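Got some structures for you, see below.
Paired with subunit B in one complex and with subunit C in the other, subunit A is shared by the two complexes that follow.
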Partner chain A sequence: MDQFLQHLVNAMVLGGAYALLGIGLTLIFGIMNVVNFTHGALYTFGAYAMFIASTALGLNFFVALPFAIVAGLALGAAIELTLLRPLRGADIDTTMLVMIGAGIILQSGTLWAFGGVAKAIPSPFPDAPLTLGSVSISWLRLFVLVAAATLIAVAYALINGSRLGRAMRATFQDSDAAALMGVNVRFIYTATFALGSSLSAAAGALLGPVYVVFPQMGDLAAVKAFAIVILGGLGSISGATLGGFILALAEEFGAGYVSSGYRDAMGFLIIIAVLLAKPTGLFARAERVG
Partner chain B sequence: MTRYLPPIVLVLLALAPLWLKDPYLLNALITGGIFTIGAISLNLLLGYTGQLSLGHIAFFGIGAYASALTTLGFDVGLFGDIRIVHAGWHPFAGLLVAILVSGACGYVVGRLSFRVRGAYFVIVTICFAEVVRLVALNWIELTQGPLALTSIPQMKIGFPGLGEMTLRTKAQNYYLMLAVATLAYVVVARLVGSRFGRAMRGLKENEQLAMSVGVNATRTLTVAAAISAAIAGAAGSLYAHYFRIIDPDVFLFAYTVTMVIMVVSGGKGALAGPVIGGLIFGTLPVALRPYMAPEAQWIVYGAVLIAILFVMPRGIAPYLDDWFAGRAAARSSAPVAKPQLEGQS
Partner chain C sequence: MPTHRIAPIAALALGLLAGPAAAEDVIKIGVNEPLTGPFAASGSYVVNGAKIAADEINAKGGVLGKKIQLIIEDNKSNPTEAASVAEKLITSDQTPVMMGAWGSSLTLAVLPKLEEYEVPMLVETSSSGKITTSGNPFVFRISPPSALEAESFAPMVDKLGVKKVDFLVINNDWGRGAAADFGKMLRGKGVEVGLTETMDAGAQDMNAQLAKIKGTDADTLMITAAVDQLTLVFKQMAAMGVKKRVVTTGGSQNPDQILAQAGSAAEKTMHLTTFLPWAPDKTPDPKATAYFLGEWKNRGYPFAGSTESFRGYDGIRTIAAAIEKAGSAEPKAIQKAFWDVRFTGLNGPIAFTKAGPEGKESGQSKPGVYLIEIADGAIGEVKL
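What follows is the complex of A and B.
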């Protein structure tokens, strides 16, 4: 039972970051119909931005985090403006391949600039974990959980409560009708991609200090983000949030009770199982291709 | 003109080892050629059925492991008591087993994943490749995991009446690669020109319409996936016996990307597409190597991919086709146009 609770707590920490990754990806797919293969690279980018900010720039840990998120926002906006805007209206395969190209450039650029050796982001928290009964959690992980939950709440408030969010949702439902109602659809696309990118960068910046930072860290993160999005149904934000936590639970308990070597395989097996049983995802909307 | 191009290119490629003595360049051609075979197989799916498989390296890797294990032999326990012991076979049998095993995997994956299309299919194929990589990494008893399978024997080919030949030199391996590539090209060309090929293209253009005239969508796509996987498996087998060492890194996503770049830049849905793309991206690392680090080369890869998609979204081969067609039209229309002008004056 103690072990069970410990796994549960670990899964919650991981799940928060996964949910951020998933929400970012599903937002971009749902609104822009772009399968974003730079998502993993942006996750890596967020982690390295955090690393640079807290080492080379000497910023405080709590200042470095918003710095990384804003850097992700800026990079996302730049990618949208240079690569996706000219390709608006191109078929989904073309944009997907262009995103793969951009992802390769970002990842190889990181490898070139920083080398392949893993880096550690210094943490300001005490090493001794917080112990509650039989469950212990490090202060850093606790902070990651709280920060991720806050960011998820902000994303929800932005999408459901703000004027920008309303314009996004309108564009999601029918971009032509939204444009006729005076929504600047081009701006919405840029804002969506930038927001999605910043969420991915935030996930990287949060998990970076927990693990280590290396150029290929985004590969697995990207595939997991796809898993989460499929689990929740493409384009569903609440689905992606739940999907993130479900994936984290599956990984944590799979690693704890089945085999730690196959920890990362859990997500993929879940995707395959979900698609076989219910191809529209667990929390599907009506619309689907094929 | 375009009719005679493939045999001319084949003859030119066959002459390459006669004047190309640099082992490094020959090695680059063999490696590039092996991935070109993979690209030819990917083109069958991506170019003709329109389904983008981003897990194609799984079939390549499965072929490599199947061939290596068939040749090396193995001894694994299943569920504790049952042991499967296999003594090593002839490398050529390894190639055949690789084709069969990869083809069977392609059939099963196609059967399961063609319930979904588009972005879903892409993601399922990525997941499949990732699961296979993790199995190769963790099933240490069978695959040696990260320690890699080593000392894989070189390919041996028996000729009737001439005895058996072990492929030791680079030139011999080059000809084996070229033979398999040619075979793969011909198989895809025959398939595409057949009734089956029309069914595939029909599904790509308009699935509902194709089904309404009696095309069995799932069966056609599944068979295409199986054939495509079988060819990729053959390429994997060549890889295993040429490099003589394989580890779970053969399943890296980057290799799938290499094949996709070859197909897309050359022209998906064109027979020459993967060959043109393979020649460019097979030789690009050699051309770039003196000037930049491997990471920088990948940056160039990514940039070239984006540039090609922006400038020639359909790839190089269709543009060359148009160019040839334009010249042919200009030649045949010139004599016709003249009398008209004279008649007017």
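What follows is the complex of A and C.
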């Protein structure tokens, strides 16, 4: 039982970060219909931005985090303005190739600038964990969970509750109609891509201090993000959130009770099982109609 | 035939002739290491150590009157890439001898290429037993196979009071080989072996494995992984409150880096290593150790990397010694000459003895293996 609780706590912490990755991608891939191959690179970018801010710039950890998120927002906006805006209306293959290229440039640029050796981001939290009975969790991970939950709530409120969010949903349902209703469609495209990018950068900035930072860290993150989005249903925020937690639970309990060698396979087995039963993902229909 | 047709062909022919001629001014040594991916830190250190050896040898006039030139390629911590890098070094750069490829799975992927092209390779880091027992006569290894590490650790098992051991190992030939060889040694001494948990080479989250290990009654956890993953394991162990004696294997721990990045989480951990840069006077060749560490510092590399980079330094020195003995830079002659190399490396005498099936033996040198401990934020040898 003790071990079960420890696994559960671990999965919740991991799930928070996965959900953040998934939401960022579902905005871009699910709502904007752009197959975003820079998502992993933006995750890496967020982690390096956090690293620079907290070491070279000497910023406080809690200042460095918003810095990294805003840097991700800016990079996302720059990618949209320079690469995607000129390609609007181009076929999906062209856009996909350009995004693959952008992803390679970002990853190689990171490697060129920082080298391949992993970097550690200093954490302001005490090394000693928070222990409740037989379950332990580090303060840093607890902070990551709380921060991820906050960001998820903010993103959800923004998309579903604000004027901007309504304009976003309108634009991607029918951009001509939205434009006729006075929505600045060009701005909405940029804003959506930048928002999705900043969430990916946020996930990188939050997990960077937990793990280590290196140029290829985004590869596995991107694969998982795509899996989460497909599992949850394209374009669904709640789906991506739930998908993130399902993937984390599957990995954690699969590794804990079946075999740690097949940890990453466990997550994908669950996804295959879900897609066999519900090919459009867990939440696709309900969200898209509304 | 009109001249305008002959000209390009003649130029091409001249080019082909000129190619090898130009190459004879230097002796090329191929270096196949992971410079990106999960093993980037370790691979980069090995390469930097190799460069120190090459510069030192060239400053003294080179080998056979020629300068040596390192052709360094990145195998991206990926076995498929390691094999293509070896092929590129042999066929395109025409290196008569190579060093590589850090990880056991990477080295094992290169082995068939050595047989195919009949080019020898010095193995500087890998510890899987299979490398020298699979009957490849082109392999010469200066790092300890995990069975040798286990044998060196055997006398310490009773003294430490080890009763039951769990393993947490990287899921490749290196980690699984270490778990098998250490497990065999421990069972032979009547020590119980519990869980054997694995982690992928690039895995960053080992909490699931650690939660499982936390719940067992084993007193000791043996871990096999490279420095970055070890750092994460120690931090996650501390966060989860896993309290067991920790012994790591493989010699790629860079203890000073662990101390710097894992801090108090690394306290009381023990590590099997093959080089003692903390006490240069006590190494087998203090003068060479002092030179190497001095040069390492001059070049601005972190001291932490020296436990890894010395492998590259000794590797290139061993290769240079073999070329000198061979009297020519031909692959066949170098392969034969490796058997006659005798000199004192930074961690003990380097001399190859036969390993593996008869008639197709690989060369294996027997380096010293030491147990060190991180205690009160300092690193020292454990004397038992």
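Basically, the second predicted complex is superposed on the first by the 277 of 290 C-alpha atoms of A that agree within 3 Å, B and C clash if a C-alpha of one lies under 4 Å from a C-alpha of the other, contacts with A are read in each partner's own complex, and residues count from 1 in each chain.
Note that in this section a residue touches a chain if its C-beta (ideal position, glycine included) is under 8 Å from a C-beta of that chain, and two chains touch if they have at least 3 such contacts.
The model shown is predicted, which means the values in this text are computed figures rather than measured ones.
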item	value
Subunit A as common anchor, with subunit B and subunit C clashing or fitting	clash
Contacts of A:G261 with subunit B and subunit C, given as first, second, both or neither	both
First (subunit B), second (subunit C), both or neither touched by A:A90	first
Subunit B versus subunit C as contact partner of A:I271, first or second or both or neither	first
A:L111 touches, of subunit B and subunit C: first, second, both or neither?	both
Which of subunit B and subunit C A:A102 touches, first, second, both or neither	first
Single subunit B stretch clashing with subunit C - from 150-158, 258-266 or 312-320	150-158
Residues of subunit A contacting subunit B in one complex and subunit C in the other	111, 261, 264
List of subunit A residues in touch with subunit C within their complex	2-3, 6-7, 10, 14, 111, 115-118, 120, 127-129, 131, 136-138, 140-141, 211-212, 214-217, 220, 251-256, 260-261, 263-264
Contacting residues of subunit C [partner subunit A, same complex]	35-38, 40-41, 43-44, 171, 197-200, 202-205, 207-209, 211-212, 214-215, 228, 231-232, 235, 238-241, 261, 263-265
Partner subunit B, residues of subunit A touching it in the complex	29, 35, 83, 86-87, 90, 92-94, 96-98, 100-105, 107-109, 111-112, 219, 223, 226-227, 230, 234, 259, 261-262, 264-265, 267-269, 271-272, 275-276, 279, 289-290
Contacting residues of subunit B [partner subunit A, same complex]	52, 112-113, 115-120, 122-124, 126-128, 130-131, 134-135, 137-138, 253-254, 257, 260, 264, 293, 295-296, 298-299, 301-303, 305-306, 309-310, 313
